[in-house]
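For reference, the structures are reproduced in the following blocks.
Consider the two complexes below, in which chain A is the common component and chain B and chain C are the respective partners.
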Partner chain A sequence: MLLPRLLKPLHKRVGTLGLVLLAALLPPIAELLIPQVNFTGRLQPILIFAILGFGLNVVTGSCGLLNLGVAAFMAIGAYTYGILTVSVYPFQLGFWGGTLASLITGALAGFLLGLPTLRLRGDYLAIVTLGFGEIVQDVLRNLEGITKGSQGLNPLPHLSILGMELGSSHPKLSYLALLAFVAALALILKNLERSPVGRAWTAVRDDELAASCMGVPVVKTKLLAFAFGASLCSLAGALWASFLGSTGEPGNYDFQLSVVALCIVIVGGRGSIPGVILGAFIMVGFNSILLVELSELLGKSGFSGTQNVFASPSNWKFFVLGLALIVMMRVRPKGFLPQQTGRE
Partner chain B sequence: MTELEVILQQLVTGLSNGMIIALIALGYTMVFGIVELINFAHGDLFMLGCFLALTLLGVSGLAAVEPGSTASLGALILMLTVVPLFCGALNWGVDRYAYRPLRNAPKLAPLVSALGVSFIFLNCGLFWGGLPLEVFGYGIAAASPKDFPALLPSENLLGASNIYITYREVLVFIVTIPLLALLSYIVKRTTLGKAMRAVAQNPTAARLMGIDVDRIIGLTFMIGGSLAGAASVVYALTYNTVFFQMGFRVGIDAFTAAVLGGIGNLLGACLGGIAIGIIRALSDQYIATQWTNSVVFSILILVLVFRPSGLLGARVRDKV
Partner chain C sequence: MAILSTDALTLKFGGLTAVNGVSLAVHRGEIFSIIGPNGAGKTSLFNAVSGVYTPTSGAILIEDMNSCRRISAALIFGLMASGLLTAFGFLLIFHIAALWHAVITARFVFRQSFDWLGALEAIGHYAREQPLQTLIFPMLLGATTGTLGALSVWRGSRRSPEVCASFGLSRTFQNVRLFPQLSATENILIGMHRRLSSNFWSSLLHLPGMKRQEKTSKAKAHELLAFVELEESAERAAGSLPYGYQRRLEIARALASDPKVLLLDEPAAGMNPTESVQLMQLITRIKERGITVVLIEHDMKVVMGISDRIAVLDYGNLIAEGTPAEVRCNPLVIEAYLGTGAHSE
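What follows is the complex of A and B.
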């Protein structure tokens, strides 16, 4: 009994530190091994989607509310960032101003949507958030005068530190900066987990009735989780827009994106922070690295003609996402890295 | 066209579209009433039904028949028999292999599983559209919308009137009304219907009374699926276009209809469907087509927030 007690904290610390180091060294190592692929550019979306996963994880993992409108909050963040930083409009707050503002608008949007709807039953909430996602998309598409419709707002400033824009000129540095973002958020969330707020979230998830009997204000607790999660998703949206240098078109923030976020949380492990990071690696790695690389490879070998729908790997995307959800629910409903729930 | 004629025309269009939505809404509401699951895959099941209908026309060589001829009637009957059978069987299979194993799992699990099934169906639709058949344009552009042959003559039955009522509207009523009557008969008068109502009310008690709960749930899925299959044939003949992402949009309309009428309530689903159809038509006419989806969603959210039990006030209980 003594040995594990001594080893566990040590192993835990080594594990976390090692993970961060490993992640920091990943792009150079990967590029050394496979020189023809630009990994730093491909790995940044993984980190941004990990933040999106954090946002959904607070709502779905910690507090047990199914949110199917994550993409809407991401869109709100991206367009807040876009409107406040693009040169067409008079605000031009720069990277940090836009990012901070997106945190606030995201929280506000989450609060306003949550206020009337969080009293609903779980599955109704899922539908309401799905509907919200579609409405936001429609609004962005229809208010073409402000959002520039399918062109998107661009060019937007890239990530910058102390006035130095990292963007495309220093891809490795901006990768490290994003990694620092993720690590800082992971630390905050880890500590939040053991705070009164985090415990209240878990209590509401595990048994709402029991939690309310113990004096936990259920609706307030849910509302806090919802607004906080929305704010993180919005942050992910702002970082995404700064990464692309554009908001992209409203159609990018669709239901499919929300399902990818859900897959990240479900595959990784609901409520588990390392799980979300792993989930982001698997899902985004699959979606924007594996499928893209496979398509290119097949294209080069001349195997895939445009004629055959089955031959294009990206056509299998929905199939794999759907299968992942079904199989995970049957085989490992708690995900690959389940949340540590203390003594059981 | 006078103002009154515009309104009447929109009411006719809305009513006939609403009847189709009602058929799909019934599938949602029956499944929710009996297992408390939002079957996300239902809209995509409907989409697969549309693809099967088009395939049947292509394979049997009936795609180019004269609208209104005897052969087109034969094609219609062929589609209305095969497609509901296929969709019913498929929905039964989905319940058997994706939902039944999760019946005692936390509520989130079947919901996530339903999302997964919906995505798989979506992908099947994409592949289906890529089949090298003439009706699919030899599968060159799998993802693009496919033309569905017009089997019905488009002449106005009201002669020279400004209000159009064509064979499409007639077909909608000829198909939906008997189906609704049949469903009502099954649920209210037969042993199966009695068992379905018992399982919806209390599965444990139903099991203790000797009802095979899993079989009844499977049959409910089958009935809901075949209604969606019938709806898909009528829909395809009305709109004359089929594409793999159509299920999401139609599914959301139908789910809104089910909630609007009071989920779990069969009559409510029909009235909700008609209401949504008419609201969509009026919104297209008086607000703007690009805002119609937002209007439907806003109604859904408002109904859920202010009257979660729906307009007919069906039972809403949390199973503990």
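What follows is the complex of A and C.
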């Protein structure tokens, strides 16, 4: 594969800081090359989904627990942020208060879900998380008095630093702020990977029985991964809501979203932090940049999606994603940037 | 004094009795072997002792104490906290929509300041207005669910492998079970995990205390690797090591938790004669460290060469126990396992 072969030496040469700088300069450069596309706006969802991928990666990649309900935690984060910042409720904590609160509620929700269920083995846990994803959607829909149902909560404050709102007026700065979020989280996750906690996660993933016989407290270890992962997903939800300025309707946080998150982790390489970022670039970039531009291009050249459903590339989205996953599993089952294991 | 003993230990899987009323006593500092034909229940016995299986009946004593989590003040407190939290959770779920309306929606006027103290009063007012049963039933249901749930979780984990490890038991597996993705050093660090502090925040931020701990524990891990003669493979992924190395690494990992008793499940399986001689030396050196070794093994050279005492299992029953010389001459053992050839060996 070409991509990892290109990326690895690049990372060696310029280092992590260089990569971050490169990412910071990406939108202006890309806009210089293709001026028709608003890259600054389009790249922000990629960064938010990278954070969502981080959250799932902790649970599924590092600790080996298949979580199919990531969207629920994202919804919990988005709605916590919404309720605590929207002007129709008295809390109005602003961006940072709302984000912090969503981190905490996310961790709490993960902890509460994990407490009775983490003793289940592999597949059963996946089913529980799948059910949890559906339940959260329904609860949000039915608690109309609080969540405003399908209207969603809006308007919500955008990302702001030192009282300066960056949302729509300074998209470039808001892109940089999100990039800083991603970089800080990547650093923290890297730290965890090389710590007793991260080691215990890997041990539980590789061989739960052996880990427990060595005295690793399996349930506590899993619970920590679950709560921490949920808290990151919740953060992604809060950032997503602040990016859109609205929580959107509960139906937006559906199973498809969980699957996209899972694809990000699988395509990038389970357990690998750079892999998640790459996965988010591939999956969300394909979704929100490539497909949209392709649709516009096709529209301009006379194919209209309204007349023929097959003529619109957006309708091919999940077909292409599914196909890509199958090919991926055949060709590179460990992802593009697989997690590195002990030095040879 | 027996460091590890079983008292009429029975383990049944449905209609199959894998271990049938076995009473054994392992003394401090000895090498104790368990032998017997395939399917005699040796590994099942090991699994019961190390907490992987819960025995159907009988007891497992470590230093003459029952190796179970005991009923403690922390347990009672945990049960009460769990019950109370679930009770309030259920209450909140039952009332959330109406409560929200009464406290927030009905009282908040857009763009005006909100009276937070008044909100507390409104909660009290709402509670007083509700019929008593809508408060009591959810709480009762929640308290029962929370307490019983926590109790059943506790019962299930009374004698888990983790608990056994905390009592000073450590083991290896018949088919090597290392963590293939972790390096040899990291595998040993997992063995030490129980003794390391693994605080989440210091791990997250790599605080100096954790860095210091990592340094000292890595030095200790290298000592152990040197003990099993694997220091050159320290940084290699465990999964990529040759089979014989993996066996030795697994023993080192088991030693890392500073056990009182080390359970080795067929350590010589798949080893050539030179390797099994090295293994015998290794086990003797482990004994010299003051660690009691319990061994399941089919290689009679190893068993007869290093064991202080031997127990023989057949169809789940203990048929003989004694020194190697006694066991070798026991007619029951010769018939069940050794065969007549062993007598003259």
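In this text, the second predicted complex is superposed on the first by the 328 of 344 C-alpha atoms of A that agree within 3 Å, B and C clash if a C-alpha of one lies under 4 Å from a C-alpha of the other, contacts with A are read in each partner's own complex, and residues count from 1 in each chain.
Here is the rule we go by: a contact is a pair of C-beta atoms (placed from the backbone, for glycine too) under 8 Å apart; a residue touches a chain by one contact, two chains touch by 3 or more.
Here the structure is a predicted model, which means the values were calculated and not measured.
Once the two complexes are laid over each other on the shared chain, residue contacts for A:156 go to neither chain B nor chain C. Legend: residue contacts after superposition of the two complexes on their common chain; A:244 is shown touching neither chain B nor chain C. In the superposition on chain A, A:116 makes contact with both chain B and chain C.
In the superposition on chain A, contact of A:326 is made with chain B only, not with chain C. Once chain A of one complex is fitted onto chain A of the other, the partner contacts of A:88 are limited to chain C, with no touch recorded for chain B. Once chain A of one complex is fitted onto chain A of the other, the partner contacts of A:262 are limited to chain B, with no touch recorded for chain C. Counting contacts by the rule stated earlier, residues 116 of chain A appear in both its interface with chain B and its interface with chain C. Contact residues on chain A toward chain B in their complex (touch as defined above): 60, 64, 66, 116-117, 120-124, 126-128, 130-132, 134-135, 138-139, 141-142, 255, 259, 262, 266, 306-310, 315-319, 321-326, 328-330, 333.
Residues of chain A that touch chain C in their complex: 87-90, 116, 119, 143, 145-146, 188, 191-192, 194-200, 202-203, 205-207, 209-219, 224, 228, 339, 341-344. Contact residues on chain C toward chain A in their complex (touch as defined above): 50-52, 96-97, 100-101, 104-105, 108, 110-111, 114, 116, 149, 153, 156-157, 160-162, 164-166, 170-171, 173, 177-184, 186, 189-191, 193-194, 196-198, 200, 202-206, 210, 213-214, 235-240, 253-254, 256-257.
Across the complex, chain B meets chain A through its residues 36-38, 98, 101-102, 105-113, 115-124, 126-127, 129-130, 139-140, 142, 248, 252, 255, 259, 290-291, 293-294, 297-298, 300-301, 304-305, 308, 316, 318.
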